[in-house]
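See below for the structure under consideration.
Chain IDs A, B, C and D follow the sequence of writing; residue 1 opens each chain.
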Amino acid sequence: MLTANATGVCVICPTPFTPDGALDEQSAASMTEAYAAAGATGLTILGIMGEAPKLDGEEAMRLVRIVLQHAGGLPVIVGVSAPGYAPMRALASRAMEAGAAGVMIAPPTGLRGDDATLSWLQGAAEAVSPAPWVLQDFPQANGVHMSTRVIATLAADERCVMLKAEDWPGLDKITTLIGMMAKGEMRRIAIYGGNGGLFLPEETLRGSDGVMTGYAFPEMLVRVRGRLAAGDRDAAMDLFEAHLPLIRSEHQPGLGLAVRKYVLQRRGIMAHATIRAPGPKLSDATRAEVDAMLSRLARRDPVALKLAAE
Amino acid sequence: MLTANATGVCVICPTPFTPDGALDEQSAASMTEAYAAAGATGLTILGIMGEAPKLDGEEAMRLVRIVLQHAGGLPVIVGVSAPGYAPMRALASRAMEAGAAGVMIAPPTGLRGDDATLSWLQGAAEAVSPAPWVLQDFPQANGVHMSTRVIATLAADERCVMLKAEDWPGLDKITTLIGMMAKGEMRRIAIYGGNGGLFLPEETLRGSDGVMTGYAFPEMLVRVRGRLAAGDRDAAMDLFEAHLPLIRSEHQPGLGLAVRKYVLQRRGIMAHATIRAPGPKLSDATRAEVDAMLSRLARRDPVALKLAAE
Amino acid sequence: MLTANATGVCVICPTPFTPDGALDEQSAASMTEAYAAAGATGLTILGIMGEAPKLDGEEAMRLVRIVLQHAGGLPVIVGVSAPGYAPMRALASRAMEAGAAGVMIAPPTGLRGDDATLSWLQGAAEAVSPAPWVLQDFPQANGVHMSTRVIATLAADERCVMLKAEDWPGLDKITTLIGMMAKGEMRRIAIYGGNGGLFLPEETLRGSDGVMTGYAFPEMLVRVRGRLAAGDRDAAMDLFEAHLPLIRSEHQPGLGLAVRKYVLQRRGIMAHATIRAPGPKLSDATRAEVDAMLSRLARRDPVALKLAAE
Amino acid sequence: MLTANATGVCVICPTPFTPDGALDEQSAASMTEAYAAAGATGLTILGIMGEAPKLDGEEAMRLVRIVLQHAGGLPVIVGVSAPGYAPMRALASRAMEAGAAGVMIAPPTGLRGDDATLSWLQGAAEAVSPAPWVLQDFPQANGVHMSTRVIATLAADERCVMLKAEDWPGLDKITTLIGMMAKGEMRRIAIYGGNGGLFLPEETLRGSDGVMTGYAFPEMLVRVRGRLAAGDRDAAMDLFEAHLPLIRSEHQPGLGLAVRKYVLQRRGIMAHATIRAPGPKLSDATRAEVDAMLSRLARRDPVALKLAAE
């Protein structure tokens, strides 16, 4: 079960598809194993970057089962966000029965004001009860602003164990929340960064407990956090900067996931880069740009790279 | 099967719930029969006003089956809108197998530009194929603008049989589309008004083929259209104006559905006014205002009113 | 000077233009006099419906001076909303010097969360100081949600004298605020309804102090409030319902102002119905619909109507 | 006068303020000279990053005059975007009289659909006529999607000389537009990248004619473009990557401008980092992070750095 003491790198898993759009079960298995081998301390599936709304209910549960089976005991968090509570309750209950460690909840678009946001999320926590849950603060995706007061109120719920902090800009918000916890103004939960790793060094140095993102080289996330923990900021920054052009490209709205899947395919982590329709396709020019980034990266960070044969 | 020759009043059905939030199957049956008795020529379920995103898949199909069973042969249209194609395909296929006459599709939030909108909807039509489908143009709900060019291009698909025209303001758009069809610039499909009936007389006089809305007195929709067809505009307007205060109250974003369900409960059409959580509740003050509107209405339009005992 | 004791009907004035788009000074004068004669207790200019962002600074001040000159001593409120404080300060200071009674402020789009909204508006109040100011709560126009807590905090400022309450739905919010003032949880300010008069009877019965809107027959607003004050609800509703179809048409986003100006032209209150570019134009079909509404209205409410010769 | 043959680096200038919020004329002069010395081929003022909506009309013209006076003959483009045409016409006319080389126009929020966008912009071009104008495609800021068809139609206007391409992701759009120009499907205009330089190498290699952005080290923009023109991609990328962490931090919505002004103050290019209210302030933690980035940058790119004494 996920607890508020979680730390490390929780990898957001994309959902692999075959070229004809079917769930690619084999790649789901190999991807899970690759992420575990990369040093992940947890996995998150069926999030926004997991194309969850494109799956039907049966497919979602098939993915849950495959990832759980291959995760080697790592905690698996299942995104259950939906506009209504009933589908959230149904998926949370089935996922937890199957062995998930917790669920993740982001509010839907259209909530207005602190009170409405708080009330919606409290109802959602009730709906997925007794699952431990991660609060996702991601206004770029849903337009919902969460004040630190709203977050602190939600954190008072014992089952709320983690915040995926993706407000942008959001570093001062992380600092504020950690300060509130230190002063006893908020119950202690795990604070994880996100946003594709775009501010990984800063988030880590601000005191976040981990990072939950799907950057195509999770080894980098592990190693940057390790170097920072060892006090070697310059080595951490050297590594981070080598990856930053690709982080930047994966962070593009809409297209970013297509870039990420293409890199995962190049790495052999999934067999196909398919985005299920409706979704973007990479142009030849973009693929060439990603190839160029990977070539430079292979020279700048040879450790991490085991690219598929070109 | 729904065709492009449809006319009349297609009632948008709310989903009845018991006070504890369970699907109220008995009310679903009685509501269906009441609407058929009111002169509806069709029914639409699982639309935006049907709280569809709050149902899980099994509940949605239970509602489909009950309404089909009690519709007395009226065509039933099933809303299948979702952010991804797979859930749309799954629901459309099960609903058509169960006996639905067609499906309704509104695009998700976030589409930008004519080309993206067109392409998303063409993919959606493919996903629900071979079901006949209704295009819902409702930018107030999803922020997606549909140009007349986009609508005409979609209408070229033989399976596209109807437009639910809810742009606001939208009367000139209806006139433009009807003109395009007359000039052969667009394939002929049925144009139905919507928007809670707020512009029913004008929509009808502009040449729309019907109205698809869930106003709590569908008899009024039938009778206003009848009086207009008979050329008696003043009688039509007298009736329409008597209902306009309540139409206005049901048209409020968010709260409108709670008003509508309260009226349906007062009329004995459903047993409870429950909105499934998350959703608004009527205050005592609002209920008193609706009661006052119903009292006036009982005096101004005695024909239509068979209110539940107070 | 505007005070928190204001009551009655404050008419939102459109800005009249000649057919070539110039400020129509003569119509500005005649409109002002017509509104005063209609029983207005105040006037508001340069609001959202006043096409304020289409005027340059010199034109705005010309309109301020004309309206002040012809208002016969009625208090004139000047809309000063802008994304930045400097233009607000400049216009407020010039308008107050010219004799305005106060200013009106709505926040700009893009504010997220109670704290950001509060802080922006407190800065704005400072910028226009020492002018008395009206807070406009109009989320449909700017996407900014204002909680009752935010409104109560702003009302603590002595210079904040009035709320233009246009949240939608918003009747329960009015009731909540009035309750907070009664319990001493909020400083007493004047609460005015808005939203084109769409909920005028309900707003009045909930206890609002007045209404600030630009409906083309302000006499109706005055008379409905008078009948309600006299306890004759049915007479008030009879009058309100006769006007409701036109209220509905003026309430349409974008197009509503074109309808309103057309009616004001038909009434002889302004010489032209011109909307300054960029803006919508009425189609022949829409004009015919408005003509039909006015004909019905002339029969149902003969007192108010002195339409221009057709 | 700006022409469609423009190339190079056009620097977006922030507006300098003194700590009490007044226009800092001395810094405006020194900033202009610093940008010219850095190799800029043009300057843009009063854009979104220039806090234009916070200036009153007189201040805006004072800034125009100072920058023109110190630009050493570089073409100066003046942002004139506003919700209405009259203020655009007034500012464009005064700026061009004062010696500006052209104006820049972004559409306001709220336009829906290709036709409305096209029509609004055509009216805007007419309003600023005969000034040469730059079309700013920046949906992240205003929510307006511009299709390539809309852009090509606008480019048919002889006075339209440049596109500031800031759609995101937007590289394929640049490629499409350049392809349309090559095939004669669109009149040739200058295509400039933007987005804070976040995709500078890719934009340049895709064939853009220049970049218009306000990154705090415009020398980097000049040098990266130079190295790419010389065919030395690796050297270009080395330089770009050294700056990417800071580019990333300046690209944050809202806060980015505060970061940029702080760097410009550290560099001695402006005397103060003040953002005029309403606006964000940098926390101590953020300032320390920027300091750390500048220290690393000083080691990685010593050429560009002449930081103010700490």
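Everything that follows uses one rule, which is that a residue touches a chain if its C-beta (ideal position, glycine included) is under 8 Å from a C-beta of that chain, and two chains touch if they have at least 3 such contacts.
As the structure is a prediction and not an experimental result, all values here were calculated from the model.
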Selected pair, greater C-beta contact count between B-D and B-C: B-C
Size of the rotation, in steps of 5 degrees, that lays the CA trace of subunit C over subunit D: 180
Centroid distance [mean C-alpha coordinates] between subunit D and subunit C, Å: 38
Centre-of-Cα separation between subunit C and subunit B, whole angstrom: 33
Where subunit B and subunit D are represented by their mean Cα positions, the distance between them in whole Å: 47
For subunit A, residues that touch 2 or more chains besides their own: none
Contact graph of the chains (line, ring, star, complete, other): complete
Of all residues in subunit C, those that touch subunit A in their complex: 112-116, 139, 145-147
Interface residues, subunit A side, partner subunit D - complex: 168-169, 171-172, 175, 198-199, 202, 205-206, 233-234, 237, 240-242, 244-245, 248, 252-256, 283, 285-286, 289, 292, 296
Contacting residues of subunit B [partner subunit A, same complex]: 51, 53-57, 59, 82-87, 89-90, 109, 119-120, 123-124, 276-278
